[in-house]
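Before anything else, here is the set of structures, which you'll find just below.
Presented sequentially are two complexes of subunit A, the first with subunit B as partner and the second with subunit C.
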Partner chain A sequence: MGRKLKFNIFRYNPLDSNSVPHTDTFHLEETDSMTLFIALTRIREEQDPSLQFDFCCRAGICGSCAMVINGRPDLACKTLTKELPTEITLMPLPVFKLIGDLSVDTGTWFRAMNEKVGSWIHTDKTMDPNVEEERMDNSLAEEIYELERCVECGCCVASCGTANMREDFIGAVALNRIARFMLDPRDQRKEREYFEVIGTDEGIFGCMGLLACEDVCPKDLPLQDQLGILRRKMGWSAVKHLFRFG
Partner chain B sequence: METEFSDLLCIGAGLAGERVAVEAASNGFKAICLSLVPPRRSHSSAAQGGMQASLGNCAMGDGDSPDIHFEDTVKGSDWGCDQEVARLFVETAPTAVREMALWGIPWNRVVPGKSTYFKGGKQYEKVEAKEKEGLITARSFGGTAKWRTCYTSDGTGHTLLYTMDNRVVELGVKVHDRMEAISLIHDGETCMGAVVRDLKTGKLKAYLAKATLIATGGYGRIYRETTNAVINEGSGAIIALDTGIVPIGNPEAIQFHPTGIVPTHILVTEGCRGDGGTLLDVNENRFMPEYEPEKAELASRDVVSRWMTHHIRKGLGVKGHYGDHLWLDIRHLGAQHIKTKLREVEEICNNFLGIDPITQLIPVRPAQHYTMAGVRTDKDGAAYGLKGLFAAGEAACWDLHGLNRLGGNSLAETIVAGKIIGEKIAGFLKGYDVTFDTGIIKGCVVRELERIERLVSCKDGHEDVYKIRNAMQDELMDRVGIFRNGNDLQKAVDNLQEIYVRAKKVGIRSNWLGASPELALAIKIQGMVRLALCVAYGALQRTESRGCHAREDYDARNDKDWLNRTLATWDEGNTLPTLEYEPVSKVMEIPPGSRGYGASKIISQDGEVTGA
Partner chain C sequence: MAIDTTIYVRSPGVGSALFDWIQMLTGVGLITFMWSHMILVASVNLGAGAMDTLAHFLEATYMAQVGGPLIGATFLLHFILAARKVPFRAEQQSTIWKHARTLHHLDTWLWLIQAGTAMVILIMGSIHMWTVLTDLPITAAKSAARIQGGFWLVFYLILLPMVELHVGIGFYRIGVKWGFIKRSNRKGLKRFENILTGIFILIGLITLIRFMTLPV
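== the complex of A and B ==
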């Protein structure tokens, strides 16, 4: 016999004028290797087919299923119920617009973020199919990959003190993205151009250093290090800027 | 009715859909992508291993060429592929990989000097050349003569998808996410776009376009056990089949993977077995050597999957809450090996099973993995039957894979086909004009509104959509799985026809305002059962064994009668698809022969039996 689990789940359907935000309670008996993916799918299919939540890969790769699990943002698919107490409270991620119940609109937020930071290789080079690829040191490729592992789940944004207070803060995810492109010699942007994107209170100087982002990142990205490095670089860049143009 | 206009509508924003959109946008056309999820969450991201391209930079890939890649692909397909397409693909793959490097992929690179690698549980040494330092390297994958699979650590699909979507953002291509196309708008000759349901609000919208692309990936979720993401329910194939004109190519061509973890069927890499992992049954007895004395666990994917299923059927599986399974044992490889060479496996076990593979057994069983099947297109990616309709990637039957796909060729197909078909679509759009007939558009939209109204008012009945889906999945898993035979297939076809009748009586049981996940499934359930019937009926009719299609009652590959491709269409009002057949390839660069691995009984085109 498995444990009896009690789920308290936030419910609200903004498209239904009769709906008000509230909590619904569901009960399930725990089974072997039960994850929140297994549990929520069962609740929807066996108890309440209107329950909204987001899973896609259910393997910790795609970043769809971030939610607040007993007070902490995490990916639901890689959360085993046996690591939680018998009472489990699930809330949608804050900061992002609510679609319904546990489902939030991360797509719109991240597209805007990617546009804002210019999340692509800025280059004037074009493809010549007859020429071999530009060489790169393997260790540099691995360093870039280390930062590229971000899955845009939104946990760092939802847990961020600044992002919860000011809508225009770009968040650790965006700063990490900039750090990724600064590492990449294929991106021809100058330091000053990166500075224009992140050298403000909306960017690196808005960070209060609470570092919940580092604590909750399901991919264990080195966010604390990247924020520190960027802050230092941007500080120097600002000083140089003053002397050059002051 | 809200309406959007574009030159190109890409249904699906995974790697294939976005690559096509990028090509169209680069040629000055307006492209819009639709996606069930934010585009970076597409299932392309889950392809961790890599993509094949014959760059030949690494030591073990030395001397590689498109010709060798071509031969591997044709053999892999068991001569079921279109060889013109395979040729086009292998010639373009190296350029496509280099182009992705220019756009930002951190491909792993050649590191000169000595290093070691594992093969069949043994350690070997190789030496990388100094003059190749820093060029794109490759790893080994099953069924290839050379190391040809380009990769970025354990996240190749992820980096490709992020880089492709970066390019989409750079070019300003709009991706409308949480949008599901529920029918194509067409007049029987020309496709004009799609009727789309907004998965945030539940509202319908018409998307009108000169060219429409289906790039919705595979349809693994019609099976009960699959490695596919939950969104892979075949919505693209469903709307194509729904036209009654556009065929699904080789619907019976479905690939399985031997080691999905139970219960979620996330796959653990073949590297486990490659490095010396073993498979155990309920008595913790290693059973593979009984069936395959020479290769044991190292036999090919399909062979291992088949014996695992056979062993479970003999009653030697481990009983569990989620059904019977077997054990994968890597304990004897030791903590150091597992923590370095099989790190992802350790993470999957810790995160998704809560077990430690260094001291505990891993519950596994075979699961559906890939659909070679798809919307049948010509070599330009143009769908059969409707002008202005195209398909690419796993959603399409282009047909690169025939009856079996090689590892690393699927990820490569997404961007290579995307590039080639994108160019063809750009060519098609130049100077092409179409009149959007408002009567036809209105008719299509009204039909969908009425369909939804019937569902939410339970006009046709009160069947529970989840029960119907489960019944369909059980039929496919139990009778149209890895081993197939006439009796089971006939039974599956009969039962699925009954399930199809029930699917027409589905009614919504919950509050359907807004996104309504129940309604989203109910809208496609009939289409899913139709697809399931195409798979089962196609498999029943194909009385031979080729690639992944393994008939116990017809164990030979029969080139005399079955060197052809199934084309399944659906006539409204029927409970079975109409099947027609076409030759596999106009051009046969390599005539049918032996693959050199797997089952080898062949009935030649002259009727001669070999390898019996």
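== the complex of A and C ==
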């Protein structure tokens, strides 16, 4: 017989004027290899069909099931209940707009972020579909891919003290995007252009180094190292600009 | 993140970067000063003569008279720059405390300790600097008399851990922010920082005990 699990789940429907934010409690018996995805689906099917939460891939790839699990943002689909105590508290991610219960709208935020940092390869070359792609050194391609693995789940933003306090802070995910394009030789943006996007208190200089992003990232992206590299690069860029060299 | 609807976007300039540089450099300067300061004061453990000789040297070369106010100015500059990040608005205060309590994340708590100790150091550090620098020369006997009065003993028993925690956490955080502490060496360097903080608090306590027992 499995453990008896107690779930405390945040409930609120902002579209319903009678809805008041509160916590509902549900009980389930733990089964083998139970993930939070399985548990929430069972609660919705067996106990309360009105429970709102997001899922898509169930394999830690789409990034839609991020929520605050016993205080820590993480992906529900890759969290096994056996790794948690018998009492599990689930809250929606902070910072993002609440859709209802555990479901938040990360899409609007991420679209605005990607537009702000120009999250695409900036080039004046026109693509010729008949020509073979330009070659890239394999180790560089792997380095870029390492940062490209981000699934935009929003855990780094939700766990960031700065992003929680200041809504204009762009967060580790945006800085990681910029770090990825800085590595890419196809992107023709100059250091100064990157500086204009992240060389401010809303960008890299707003980061206080609390490292929650690094510690909660479900994809284990090297955020700490990238933030350090960016701060140094942008710091030097400012010095070079000030003394008019480089 | 706020959605940016501005049509005309001004180029950001290097202001934020410079502030961050100066915050870091004043921080490094003050950390170095605080460690040197502790070693100089702890010289009393080798005898009142050792401390008096060092203090005399610093005054004869005008390092105390000029350096003291300079450290004071650096201290205030560092406070002003770092305070840009401190949540003074009630709403931000409430957010960061709730955030830290739910997240169970040590580095987030360390930042709150850093910001909290900063406020105490701003006031107590200023009082300490004023008291010492307006009553030169520094001698072991005068320091001992002050501490044996009782009030200053309590004062320094509070200020000592505040400073050492702030300096230790600041040292670690500068390393993290500027990329000297990486994922690969973070654990080890954090441990090193904790041990260093512990050692400095211990030296400070031993020095306070020495002042309590020094004949005045």
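Heads up, the rule we're going with is that the second predicted complex is superposed on the first by the 242 of 246 C-alpha atoms of A that agree within 3 Å, B and C clash if a C-alpha of one lies under 4 Å from a C-alpha of the other, contacts with A are read in each partner's own complex, and residues count from 1 in each chain.
Definition applied: a residue touches a chain if its C-beta (ideal position, glycine included) is under 8 Å from a C-beta of that chain, and two chains touch if they have at least 3 such contacts.
All figures in this text were calculated on a predicted structure; none of them were measured in a lab.
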Touching partner for A:225 - first (subunit B), second (subunit C), both, neither: second
Touching partner for A:21 - first (subunit B), second (subunit C), both, neither: neither
First, second, both or neither for A:185, with subunit B first and subunit C second: neither
Comparison of subunit B and subunit C by subunit A residues contacted: B
First (subunit B), second (subunit C), both or neither touched by A:200: second
Touching partner for A:78 - first (subunit B), second (subunit C), both, neither: first
Which superposed partner A:138 touches (first subunit B, second subunit C, both, neither): first
Contacts of A:211 with subunit B and subunit C, given as first, second, both or neither: second
Subunit B and subunit C contact sites that coincide on subunit A, given as residue numbers: 108
Subunit A-facing residues of subunit C, complex: 1-4, 11-12, 14, 16-21, 84-85, 87, 92, 95-96, 99-100, 102-105, 107-108, 111, 173, 176-183, 186
Residue numbers on subunit B that touch subunit A, as the complex places them: 37-43, 45-46, 48, 95, 97-99, 101-104, 106-111, 133-137, 152-153, 155, 158-159, 162, 165-167, 169-170, 175, 177-178, 200-202, 229-231, 262-264, 266, 320-322, 348, 351-355, 363, 465-466, 508-518
List of subunit A residues in touch with subunit B within their complex: 13-16, 31-33, 35, 37-38, 44-45, 48-52, 54-64, 77-78, 80, 82-83, 99-100, 103, 105-108, 110-111, 114-115, 118-121, 123, 125-127, 129, 132-138, 140-142, 144-145, 148-149, 151-152, 184, 186-187
Subunit C-facing residues of subunit A, complex: 68, 71-72, 91, 94, 108-109, 112-113, 116, 157, 159, 161-171, 174, 195-196, 199-201, 203, 205-212, 214-215, 222, 224-225, 227-229, 231-232, 234-235, 237-239, 241-242
